[in-house]
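All chains are identified by letter, namely A, B, C, D and E, in their written order; residue positions are counted from 1 within each chain.
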Amino acid sequence: MPAVPLTVEGASVLHQMFRLKWAAWKAATSQEREEAIAEATSTLEEMEGRESAVFSLLGHKGDLLFLHLRRSFEELNEAELRLARLKLSDYLEPTTSYVSVVELGLYDSSLRLYGGLLERGLRPGSPEWEKEVEVTLEQHRKAMAPRLYPSIPEGRYVCFYPMDRKRGETVNWYTVPMAERRRMMHEHGEVGRKYAGQVKQIISGSIGLDDWEWGVDLFGDDPVSFKKVIYEMRFDEASALYALFGPFYVGIRLQAKGLGGFLASTDVSNHLIQK
Amino acid sequence: MPAVPLTVEGASVLHQMFRLKWAAWKAATSQEREEAIAEATSTLEEMEGRESAVFSLLGHKGDLLFLHLRRSFEELNEAELRLARLKLSDYLEPTTSYVSVVELGLYDSSLRLYGGLLERGLRPGSPEWEKEVEVTLEQHRKAMAPRLYPSIPEGRYVCFYPMDRKRGETVNWYTVPMAERRRMMHEHGEVGRKYAGQVKQIISGSIGLDDWEWGVDLFGDDPVSFKKVIYEMRFDEASALYALFGPFYVGIRLQAKGLGGFLASTDVSNHLIQK
Amino acid sequence: MPAVPLTVEGASVLHQMFRLKWAAWKAATSQEREEAIAEATSTLEEMEGRESAVFSLLGHKGDLLFLHLRRSFEELNEAELRLARLKLSDYLEPTTSYVSVVELGLYDSSLRLYGGLLERGLRPGSPEWEKEVEVTLEQHRKAMAPRLYPSIPEGRYVCFYPMDRKRGETVNWYTVPMAERRRMMHEHGEVGRKYAGQVKQIISGSIGLDDWEWGVDLFGDDPVSFKKVIYEMRFDEASALYALFGPFYVGIRLQAKGLGGFLASTDVSNHLIQK
Amino acid sequence: MPAVPLTVEGASVLHQMFRLKWAAWKAATSQEREEAIAEATSTLEEMEGRESAVFSLLGHKGDLLFLHLRRSFEELNEAELRLARLKLSDYLEPTTSYVSVVELGLYDSSLRLYGGLLERGLRPGSPEWEKEVEVTLEQHRKAMAPRLYPSIPEGRYVCFYPMDRKRGETVNWYTVPMAERRRMMHEHGEVGRKYAGQVKQIISGSIGLDDWEWGVDLFGDDPVSFKKVIYEMRFDEASALYALFGPFYVGIRLQAKGLGGFLASTDVSNHLIQK
Amino acid sequence: MPAVPLTVEGASVLHQMFRLKWAAWKAATSQEREEAIAEATSTLEEMEGRESAVFSLLGHKGDLLFLHLRRSFEELNEAELRLARLKLSDYLEPTTSYVSVVELGLYDSSLRLYGGLLERGLRPGSPEWEKEVEVTLEQHRKAMAPRLYPSIPEGRYVCFYPMDRKRGETVNWYTVPMAERRRMMHEHGEVGRKYAGQVKQIISGSIGLDDWEWGVDLFGDDPVSFKKVIYEMRFDEASALYALFGPFYVGIRLQAKGLGGFLASTDVSNHLIQK
């Protein structure tokens, strides 16, 4: 039985975190500021139509988070370069970023498929095996297309963090039999489902693309719900034993058309997304 | 028996650490400095009425610590943006920050409730179970409101640090049975109570919100009492085995109205809070 | 039986990651920009003939990656210095780099040779032994010259990461018998061969030259194939137990002649390598 | 038997490490430099009378180390602010710092006292217990006052480093019985006493105050003696098993009156402390 | 039997790594550059006579490495300050550094001496014992003077890295009996001797002086020989189990008189040391 669960991949994802150089921004003339805002607003409004979103981050890790979902890495790179060329970007300092692709893991399907193929006497890695795998993957890609190329959920808040599965000297996810991993992922998923009404998630894979194995985006209307779901999950076996967490980012959604107000006034609550 | 202790959440909390750009500050004209001080003082005085406080930090990690407790993340973000727009902030460089929410853990209540519900034959996670849990949480939120939305204690000094519970390969807080964890938290709390007359604390949770699981603020009139209580706690089982500590920050409280003196003179002791 | 597998070494390799100072670049006059582009394009075109390549990186780790393969460290240093002297480099900020030499590991050949020499009664490390080793190495260097001094593969995307073999307290690659390591490297190689049509790789060694033991470059026409091959490998014994991964970089190939367009326009896809 | 050894605390301690901005310093006019030197010299001369000292650090971690011992954190903060307001500080860039209080650990006394109180039937933590503890502490504070508020030793060189006691999964200082810890600290102390003629030390505690548990300052007339004593200690049980070391800083003492020469000439040896 | 092997110490050693601010350097007038080069060349030529050397580093960790061997820390500090005062240093940015003293470990001699003294009934640490130890050390200092105060070897390339001996929870160098450590160091040394014709080394100790326990400098005419010797050593017991490696730096030797060419032209190979 092969150890590797099948996955299907969808949208290319880029998170960009920036700090605003407030002193330089305030030192600009009001004409410079207005031009920068007008240009940025118009670019971002267009980008919102192509699955980009802007968030006001809390704390020193950044003031703005841009999240882009695209059809290819070229389109991600183009989004990145368009932002870099904005006048506004002269006042932005990149603090960090994250590159990934939307991913759906197929533990159940993998076990069923592998079991069936083995019963039929196929050898893992043989041309027939690989062909059957590709057929199954293609079916899932089609059936799951809406989840592979999702719209950015409308929640008022975002929580983003990258994570790994541990490969410790005795506790090592990658040496656990697949059926065990499936069982743990099920248990893990059940906690998620409990919060389905409060928190929407997008899971993206980043092995080979960035420094952690996965990225997790949560969207919801109450930031405490992020804490609650992640805390509850921390006690399930998959997380308690095997999860290694990177930095956490939490932000409040801005509309492109609210960016100017955000940059100009102190009353941030006026510029947040209204459902 | 579910493994997750109930918690209730209150005020949203932001710690902001800044280094003062002394060279630029000294190079400013006295009019610029006076205007910056007047504006900052008036803003901070108003903020003090909404649970913000300012501290002079010791060492290179920052010169000023702003602590904000608010009703929502929008209000936190607004506080952050108001500071960013101050003239004074042109002379401030963010060094770090921390985002969290005031949290009270309910080990005793959780064990009692879960035990009772199980006796009544309820299934964890079932609608009835969740309803009973929500009723209990709501009772605690009401009863504990003053502790969930606290005033910032008046101690002359502050000590802030974030911390995790360890998830090692053999020593893992999240796999310890809840009754064991409760026992350890009790022992831990007893040390705290011994110092209750000297040290006030605010515990905030930051899972999903920042890079550590909890933030701890201690307030007191003798900085050595911070060392004493944390050292004594380090020998209790919850800390000795399971605590992982982040960086420590220690500061001396300033009044908003003392900020100008702090920025202008060398005699800091004149500008500290007087009880 | 000596524990050290034979290796043969080839081209000297330097990866250079740079962030573009967009604000300064945009603030330059169009004449300055044109001169910088013309000079850089001509230098890079010449360098492309000597096994250098340029990539547009995704994310904040850098905007441009220069990859150089050369005959010696002096030539690498010269390439580095030539770039540093370009007008364009006034707008580039180094973020990181990696120094290594192309390496081919010879587990099979080592075991065969060592076994034969031991049978002949030679003592490891004796002059006769070392002479036979050198003869074998020289044979491999000749036979493998094209792989030791490779051309940079033409894939549209690059993935670069450094890695170590773990030396944990109980899981330690360097104490595993050589035959065991060979077995694991074979298994590891089989996964690689499965993706041979999609992903080309260059392995370079960096013990004594940079902070990790090896550098891995993957080239391919689909960035998801990087994720797939590395994910699948993560379950083989050599990786699951013994691999320690550094940061990952992913980029899109630029042609030297496309650099100007890349720097001037927002439509990056026009400037990518066309096969 | 309580696990926590008694400690008594004395002077508040601040280490400040700065890098000199040589280019800016050299670009200043000679009048600016002379004024900055005159002001800094006079301030530091006055501070030397209040237990401050200046050292020329080796290597890139800093050019100057200021060490302050004071009666309170307010006085430390004032020292820090006075330095920040010096003209010279426009040419100084803080690299790091350390906040602590002089601490003497009382293992022997703790065991004797706890044993006696238990024999008398007192309960740890009871009011009677705490009262007896306070009486003992007060006796030690008086008897040890000269060591709690020490003068800065006169050695030509300083070595500073912070350290922790390990809390590993199996090797954990905080779970070792107190009598065992006392035995190890004795053995540790014996090594120290062997070097008493060559190296003077000040131990300060920083739990709750900075990122490590203790700070160690060594003073002596031969920097190799620092290496010798720390190397020898590394083999005693307390260090071999339980010590975790932070960064090390080594410097050469300057007199305030030698600061001008240090900043102006290349012959540093003229400006070092002469015994 | 004491656990601490005797060591003798020699020259004080400082490694300084700098990045060249190429943009500022290129923006300087040719007169400024010529003056800076002339001054630096003359200073470095004089320093070469006192055991300093300059290397062109590969990669982003630095452009230039200055290595100084001196008779005292004051002389090291003076060398550092002389460089800081050069006009050239306005274009140099320190990236890192390393402080140490040349050290020779005396495992064989220690075991012989300790064994003999114990046979004579002397007590470790007693005055007689310490006197005999000092006599032995003094003998070694004299006999080994040329190795304690070495000239910088002439190899075309340098490799520098710091390292520790591990103190893990189960694998801990400092708890291994001395005879075992001697055996491992012998095995380790044999690998080194195999490469004696290709690689010269200087070992320096830095416990108490910098952040790692030892610094290693290798000099040779083929950078691949650094990789080969360190890779082969990685399989010996002392390294496989007990070595913890810091960052690696690799450079090409420059002559002081070649510095101008290095800074002015792109053909670095002209300016390298010629044997």
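One rule holds in what follows: a residue touches a chain if its C-beta (ideal position, glycine included) is under 8 Å from a C-beta of that chain, and two chains touch if they have at least 3 such contacts.
What you are looking at is a predicted structure, and each value in this text was computed from that prediction instead of being measured.
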Taking touch as defined above, what minimum step count separates chain B and chain E?
2
Across the interface between the identical copies chain A and chain B, with over half of residue numbers shared counting as same and under half as different, the residues used are different
Distance between chain centroids, defined by C-alpha means - chain A, chain E (Å):
46
Just the number, please: Cα centre separation of chain D and chain E in whole Å.
28
Contacts with two or more other chains, residues of chain A listed in rising order:
169-170
Once you draw an edge for every pair of touching chains, what topology comes out, line, ring, star, complete or other?
ring
Chains listed in ring sequence, where chain D comes first and chain E follows it
D, E, C, A, B
Contacts from chain A onto chain B in the complex sit at residues 19-20, 22-23, 26-27, 56, 58-61, 63, 157, 159, 161, 168-171, 190, 194, 218, 223-224, 226-232, 234-235, 239-241, 243, 247-248, 250, 252, 262, 266-269, 272
Can you check the complex and tell me which residues of chain B touch chain A?
3-4, 7, 9, 12, 14, 16-17, 73-78, 80-82, 84-85, 89-90, 94-99, 101, 125, 167, 169-170, 172, 174-175, 205-211
